[in-house]
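First chain written, first letter: the chains are A, B and C, and each begins at residue 1.
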C-alpha cells in the first residue's frame, strides 16, 4: 500500500502519465480497539478484498481515459468521538478522495457534525469531505450533513416488514414485548423509535418493555417482567453480549415466546459464539446473507483477507464498488483532490439506486439507503434464510 | 495541516482536563470527579449556545462558574475522607453526574427539528464553530488561548505563596495544619479552581466535537484527567502538558504506523513510563 | 411483596460476585495500602485463560475450566505485581495507581485482540438447577458463587490467622518497618498477597463468567467500579466487610432497579456510598469512634 502511494507521489512529481502508476486512495476507518474491534477488522478485510477485485479488473477509469488502481488504508478510531474526528481530519489531509466508516453511531454523529452542513455554503467552515458510512446504523444520521452518505439498512422498513409478515402469516400472534439495551445509542433508538412503532402500526399490542444496560450482568428482574407479560412475540434490541445474558436468563426462567425477534446488528457469528444454544429460532431482518452468487463471492474474497462477511462488512464491500462507479461516471481526474472529492459527493447525491450484493438498493433524498433485506433465523451453528419478503 | 490543528485542539482540551486535576493533586487529593465537572461544562455551554443562542465566550464563562460552583459544593463533604476513600467518593460523584445526563431530557423545537439534550441519545448539532465560519486554525488558537491562560494562572499560583500552601498540604497535612493553614479552605479552593478549569475544558469539548452524550464522560475520561498530571509529574504545569502530548499525540496518533500493535502498546507504555519515572516524566527524584 | 423478596434474593445472590472482587481489592489494600486498579481486569483475564483448556481439550468439564482460571489468575496476579509494583518505590502511591490503570487497559486490549472482542460462551455448573418455592426461585449457579465466596473468606481468614505466612502478612499490614526489623521479608509477603488475590480473582472471574453465561471485556469497568464501592462500604482492609458489602450492594441495586428502573439504578448505588462515607466512613465493621 505504501509503495503504491509512494509511486503515486512520484508519478505526480514527475508528471509521468503511465497508467499502472496511478492510484486513487479510499480510506477506511472504524473501531479496531475495544469490544467492537471485530467490526473494524471485518470492514477492513472487505475493503481490501473489494479493492483487489476492482484492481484485477483494471481499476478505475479516469477522465483522461487512463486507468488508476485503488489503494486502501484503514484507521482505528477506537469507537471514540475525538479519535474519529482526528482520523477523518488526517484522512482529509492526505490525497484520499473519500472515506468509508465509521463503526459506531456515537462517532458518526459528532463526525457528521464537523462536516459542512450544506454544500457550497461559504459561511459554514465545516470540513468538505465525502464520507460513505458502512456500519453506523442509528436511524436518521445522514441528514446532519450533505457530505454524509450511508449505505446501511433502513431499520424502519425492515422491521415494518417483519411485523407485517408476522401479522399475515401468524394471525394468532397478538402481543409484543420489548427488551432494550438502554444506554447504547443504536439499540435504544431501534426499540423506542423503530420496533415499537412498527409493531403497533401492524396492529400488535405492545404490552411492555424491559430495559438493561450494555454491560449489565444480571437480568433476573427484567426477565421476570417479561415472563409476567406473557407476550406472543418478544423483540430484543440489544447487542450480542447483553442479548446473550438476557437470553440465558430467559432460558433459566422458562420464558418461551412464540416468536423471538432480534436487532439487525446481532445477526452475526458473535451471537452464535456467545449463546448459540439460547438464540435458536430468533428471527432477524438483515441486509446481507451469503445466498446470491455475488454474495457468496464477496464472502469468500473477504474470508481470504481474514474477515467475516456480515451485513456491516458487506456494506463496506458494496461501497467500494459504488464509489468506483461514481468515480467513473463523474469523470474524476485523479489530479485535483478537492475537485474530485466534490465530484464524488455530487455523484453520490445524484444516485437514485445502486447495485448491491442482494439486489438493487434505492437511495433516498436524505442520503440514506433503502437496501434489500431478508429474514434470517438462527439454526444450528449459522443464520439461515427464513423468508425473502421482496 | 488541518489534522495537526485538530490534534492541537484535542491536546489543548485534554490539557485543561489534566490541569483541573493537577491543582487538586497538589493538595494530595486524587479526584476522579473531574469528568463530572467536564460534563457539566460541556452541557452548560452546549445548551447556552444551541438553545439560548449565546456567543461561545459568555457560555464558557457560565461553564466555568457552574463547574466551580459544583466543585466547591462537592469539595466540602468530600474532604471528610482521604486517600482511597476520596478516590472512590469522587469516582461515585463523577459517575453520578454521568448518570444524571443519561436521564436528562430538555428539548425545544427549532423549525422542524428538535434540539437539545435527549437522555441516552445525546445532544447533537452543537455547531457554533462551523456555523460561524471558524476555521480549524482559529478554533485551535481559541482553545489554546484558554490553555495558556490556565497554565499561566497555575504557574503563577505555583510561584506564589498560595502554591506553597497547596504543596504544604499535599506533603503533610498535619504539619501544614500545625503552622496555621486552614486545610478546608485550601482544599476546597483547589477543588473550585479545578472545577472551573474542567468546566471550560468541557465547554470547548462540546463545541469541537459537536455532539456529546453521557458515555463521553465515563470513568476512562476521569482516569485520564488524573493520569496526565501523574504521568507528567507534579513539579510544574508543563508536566501535564507533556503527558497529554505523550498520550494523545504519541500513543494515540503517533503510533498509528504500528497498526494493530498500537492499541496494545497504549497500556504497556503507560506501565513502562510509571516504572521508569515513578514521579512523572518531568518529576523530581523523590526521597526513597 | 413477592416481587420485592425475589429481587432482593436475586440481587443478594448476584452480589456474591461483587463480594469476591471486593475481597481482592481489600486484601491488597490491607497489606500494601495501595489500590490495584487492574484487579478486576486480571480476574476476567484469568477467566479467559480458563477457556484455553477447551481449545486443548474439547469438552473439558466446567470444573476443570474453573481450575485453570484459578491457576491463571495466580500467574496474572504475580505478573501484575512485578510489572506494576515491584520496581516502583513505596513512596509513590500515585505511580502504582497509574501503572495498574495502564495494566487494566493492557489486559483488556489483549483480551480484545485474542477474541476480536466477541463475547465468549462460558461453561457453567448447576446453571440448570433452580430452587423453587411456589413463585419464588433461586438460581443454583448463584448459590454456588455464594458458597465459593464464603469458602474463600473462611480459607483466607484461616491463612491470615492460623499460619506463619498470615502472621507475617498481618505484621506487614500493621507496621511494615517493624515487620522488616523482625526479619520478615517484605517482598515475599507482597508477592504472596498478589498471588493469593490473583488465585481468588481467577476463580471469581470464572464464576462471574459462568453466572452471566458469557465473557466480554465489557465486564471489567462495571466490576472495577462495583468492586471498589464494595471495598469502601465494607471498610478498607476488612474481608468480612467486603463480603457483607458485596451482598448489600447487590441486593440494594436490584431492589432499586425494580422500583426506579435500570437507568437510575446506579445513581442510588452512588448515593448509598455517600451515605456510608458520611455516617460510617470506616465501613460496616468499623469499630466505634472511627478508624486509625
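We take it that a residue touches a chain if its C-beta (ideal position, glycine included) is under 8 Å from a C-beta of that chain, and two chains touch if they have at least 3 such contacts.
These figures come from a predicted structure and were not determined experimentally.
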item	value
Chain pair bearing the highest count of C-beta contacts	B-C
Chain separated most widely from chain A, comparing mean CA positions	C
Centre distance in Å when chain B and chain C are each reduced to the mean of their C-alpha atoms	30
Averaged-CA centre spacing for the pair chain C and chain A, given as whole angstrom	38
Geometric centre distance via CA averages, chain B-chain A, whole Å	34
Sequence positions of chain C contacting 2 or more other chains	108-109, 112-113, 221, 263
Interface hub residues of chain B, defined as touching at least two other chains	102, 120, 260, 263, 266
Set of chain A residues in contact with two or more other chains	33, 182-183
List of chain C residues in touch with chain B within their complex	29, 35, 83-84, 87-89, 91-92, 94-99, 101-110, 112-113, 221, 224-225, 228-229, 231-232, 236, 263-264, 266-267, 269-271, 273-274, 277-278, 281
Complex contact set, residues of chain A against chain B	32-33, 75-76, 78, 81-83, 85-86, 89-90, 92-93, 106, 109-110, 113-114, 116-117, 122-127, 144, 182-185, 188-189
Chain A-facing residues of chain B, complex	1-3, 5-7, 10, 102, 120-122, 124-127, 129-136, 208-216, 252-253, 256, 260, 262-263, 266
Chain C residues touching chain A - in the complex, by the definition given at the top	3, 6-7, 10-11, 14, 17, 108-109, 112-113, 116-121, 127-128, 130, 137, 139, 208, 211-214, 216-219, 221-222, 254, 257-258, 261-263
Touch list for chain A against partner chain C, complex	33-38, 41, 182-183, 211-218, 220-222, 224, 240-241, 244-245, 248, 252-253, 269-270, 273-276
